[in-house]
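Next come two complexes built around subunit A: one with subunit B, the other with subunit C.
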Partner chain A sequence: MTEATTLLLRLAAPLQAWGDHRAVVDTRHTSPMPTKSGVIGLLGAALGRERDEPLGALAELTIGVRADVPGTLLRDYHTVSDYRGVPLLSSKVNGKGRQVGTSPARYTMTGERFYLQDAAFLVAIHGPAPVMAEVTAAAKAPVAILALGRRSCPPTFPLVLGTTADPIADVLTGHDWLASPHARTLWQRKHRGASPATVEVSAVLDDPNGDTILQDQPLSYASSGPRHTSRRVRHTLIPLPTGFDPGPDATSGEGHDPLALLGW
Partner chain B sequence: MSDKTTRRRFIDVHVLQTVPPSNLNRDDAGSPKEAMYGGVRRPRASSQAWKRATRLAFAALGIGEDQLGTRTKQIADHLAEELAARTGLDPEPAARIAAAVLAPLGITASKNKAEETAYLLFYGNRQIEKLVDLVADRAAELATLDDKKLLAELATAEVKSALMTGHPIDVGLFGRMVANVPGIDVNAACQVAHALATHAAELEFDYYTAVDDRQQSDSKGAGMIGRIGFNSATFYRYGTVSLHQLDTNLGNPKAAVEAASAFVSAFVRSMPTGYGNSFGHRTMPQLVAVAVREDQPVNLVTAFEKPVQAYGGTGYAEPSATALATEQTTITHQWGAPALWTGITHAFTGEDTAKALGTAFGPALTFPTLIDNLTAELSR
Partner chain C sequence: MAHLSRIPLAPLRDGTRKLLRSPQAMHAAVLGAVAYHPDAGRTLWRLDSDNRHRPYLYTVTQVAPDWTALVEQAGWLVDEPNAKPVVADYGQLLAQLQPGQVYGFRLTASPVQNSRTPQNPTKTQTDRIAAAADGKTRSFRMGHRTAAHQLAWFTDRVKGFGFELKEVPASAPAAPSILPLTAPAAEPEPTLDVRITARDRRQFTKTDSSGTGNTTVTITTATYEGTLTVTDPFTLARTLLTGIGPAKAYGCGLLTLAAAQ
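Showing the complex of A and B:
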């Protein structure tokens, strides 16, 4: 058994977008959490991999994602037009395989893009130590400009929180809550001043015996069509210390919350 | 993608810009776009809207013709002309060599006009220069060969790589993705974040009535009524350019530096035009800070996660500037991640603000000086 390392990333920004298998031309969805293909793709970009390069060791990495601040869904109305003011091309191709123009000429196409707004995630990536050393160095000094799932979503600093020899499950249960001081204040305001000793956050981690199947294990990022396969994962709720000052009148905030699993 | 061993430089651009009541980028309900950040609702202008404004601004910058693209069916003619001009060859042998140079690309001639290709090809004028470079030295010798030998001689020439690198600067910066034609994708060299207000602001509506000038005096009511959503904000705008990626895309270090500087100018000076005639929102930024970094791009939007408050009539711009300076200084010192070079343009005169900005980004410069200094730094 070779030595293994776990890399900890903080994925937080005003906007993120983790597309899923529902990707179609004019509607871009987002998953509620960073996808495995999204995170592996980000690491590939950091390493300077081309889209059509084989994934190699990156395909073998396992990951766990913890939704420290789940954020909310933003729907963005989007229009596409050619900045030169010429009509758009249609999806039809001619005999030579070239796209033909829209008829009658159309100048604007509308669509919608979904984003996660105001969210922060802890991502643990686990693999053989030599691979992880390379990946960690690249995440700290990336070759390509990184984005949280979509080009227009730059990450915020710091992206890399560090590395450890602990397995993913321990990292997810042991690492501090990533909510910023301001986000903690917001949490308390939303929960009517509650000051519980812990909060529960949801997490999803690779597990060969997991009871859920996700379709986001990357096979290829080729621009002609990214391909994915399925992976087994396990969902869990993890209690995290809040550091809130339990004043004399503070409520525990630990009542039954049937919607907690949904991250609401 | 650039060689992993080449020197990496990212150029971060931070802009603070206040707009009056306006609606520069609207959604399908006609209201200005918004997003939640730090638990509050804020005005937003999408990345796409500002990138389009930036591309349009390139035209106004007077960028040299050698850096822009040509879209034509007559690439063979264009190449023959340039070859003849460079080598003094007669038009006929020049055309023959040009055709042979392009043959390995499999660009077929149009059925109707032999001198045209079957479709419009978009290439950089600099790319034609590179094709000429491939054959100029031995043009006289090539002209003596017969067609078959000429094709064989040029079959191995690196024509494809000449046409797949050294792109025009707008393609080099914003990238190109053609899903069904492999091998001609270009990785974008810039990133633009959605512009986001540094503070909370609610959407408001302007209820308006329009009078019919020729309305009969006995009839009552307006000719038309409606409402326009608007808000007012101090935006934080962030964009970054990867100089090494731009270098790879353009295939020329000097062009890459010029294109990076042009991007900074165009990004800073541009603005989406939505409802421009109704609101006249065209302002100039109050602060532009540029950081050249060798490790990674750093987005300073975290300075505004806790929304800026405008206590005591300060407005939003000045406290936003202070927050931005504090964040930059924190990242430099606390995280040990200093920038290689910084420059700033602003006109804040408040003693504390000016001092904080000076510590974070250096002395205030005029914008043209900032661009000159940036270009000099990138050329080093």
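Showing the complex of A and C:
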């Protein structure tokens, strides 16, 4: 057994989008957390791999994702049309191999894309030390431009938070809450000014004995169509210290307790 | 002897969802707790969902309630004291009310106005006006729909409830300007410590009195919170037991007191 290392990434940006199995033609969904396929793909881009290259050691890495700030869903409605006023082309081709126009003529195509707004995730990637050293160096100086799930979603700094020898579960439990001061203010406003000492954030960890199966273990990113297989994961809630000044009613969460007057 | 109860509800149970969906069903369930008594008197209830995962049902009953059936349908099954219903003797609080005491309060009420001549009558109202033989209909009850009207509805009536609203101390005066170009502002109006924390418009169906069809009931509700000073303990006790405003069967009108913040 060789030495193992865990790389910590902070995936936070105004927009992120992590595609899932709902690959509908005109609708691009996002899953609520970074997918394993998305994160491994990001590392592949950092290493400068071609799409058709085999994944090699990248496929063996295990990951855990913690949703520090879950973000909100953005729906982006699109219309597509030809500026010349020409009908759009259909997917059919004629005898010469050229695309034919839509029939009846269709001038506008609609679509929608979903994004996560203002989310922040802590991603821990665990693997053999030599592989992780290569991956860490690449994440710090990526060959290709990195994106959080979609080309229009660049990550914000700092992307690499560091490396450690601890296993994923310990790292996710031990690392600070990634919410920015502004995100903390928004969190308090959303929770009616509550200021608890800890918050519970959800996390998804690779676990062979896990109770949930996700279909996002990458097999190939080939341009002819990516392929995935399933992996087992475990969902947990991780309590994190907030740094808030805890109020007197922080534990109960009740604003108004009529029974307290009656001695309960 | 009146009782104040708090019943924690488990929001994901089928029974609870039926009760949360319809104030009609909730009222039936609350009355079920006092059904053993031949004359149970006025029963008031309110649903507090500060935390949507842990809603609480508060009730004031004139007789001792039995929450077993409601808990079987809609209560928590966990074995924890906080998840069980609590029934407290309300007389204890009513007896200790004294003029000048300060309490925090919460009230969910249905603020309404009555008019014989609505400006934009609905179809039902038009039909009813047309059907009246001599052109004289009973006045129509219409919910106040803006926060300003809902607040005024409450503050205008406070005197008759046996308490007055505490005034919020005036904030610090504005910084003096170098050039006093405008006359100093007059004494600002006192601000009352009351706020609307939730507003809702609820629609649900109820069976006709004839039992043949369903009618739609619409109620507008507002939840008021703030601080009050007791002026007339006797009137306040009556307000606590009989409730405020209309729609008392549908979770409106129950005023509760708590320690002032």
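Everything below uses one rule, namely that the second predicted complex is superposed on the first by the 220 of 264 C-alpha atoms of A that agree within 3 Å, B and C clash if a C-alpha of one lies under 4 Å from a C-alpha of the other, contacts with A are read in each partner's own complex, and residues count from 1 in each chain.
Heads up, the rule we're going with is that a contact is a pair of C-beta atoms (placed from the backbone, for glycine too) under 8 Å apart; a residue touches a chain by one contact, two chains touch by 3 or more.
None of the values given here were measured: they were computed from a predicted structure.
Touch criterion not met for A:101: it reaches neither subunit B nor subunit C.
Once chain A of one complex is fitted onto chain A of the other, the partner contacts of A:56 are absent, as it touches neither subunit B nor subunit C. Look at A:74: by the touch rule set out above, it reaches subunit B but stays clear of subunit C.
By the touch criterion defined above, A:243 reaches neither subunit B nor subunit C. Judged by the touch definition given at the top, the superposed model places A:152 against subunit B, while subunit C stays out of reach. Among subunit B and subunit C, the chain that touches a larger number of residues in subunit A is B. Residue ranges on subunit B touching subunit A, taken from their complex, read 1-2, 4, 8, 10, 27-28, 33, 35-39, 46-48, 52, 55-56, 118-119, 177, 179-180, 182, 185, 187-194, 196, 238, 240, 242, 244-245, 294-299, 301-302, 305-306, 331, 335, 337.
Residues 4, 6, 48, 50-51, 54, 56, 58, 86, 88-90, 92-93, 103-104, 106, 225, 256-259 of subunit C touch subunit A in their complex. Contacts from subunit A toward subunit C in the complex involve residues 192, 253-264. For subunit A in complex with subunit B, the touching residues are 13-15, 47-51, 72, 74, 76-78, 83, 93, 96-98, 110, 115, 117-118, 140-147, 151-159, 180-183, 186, 189-190, 223-225.
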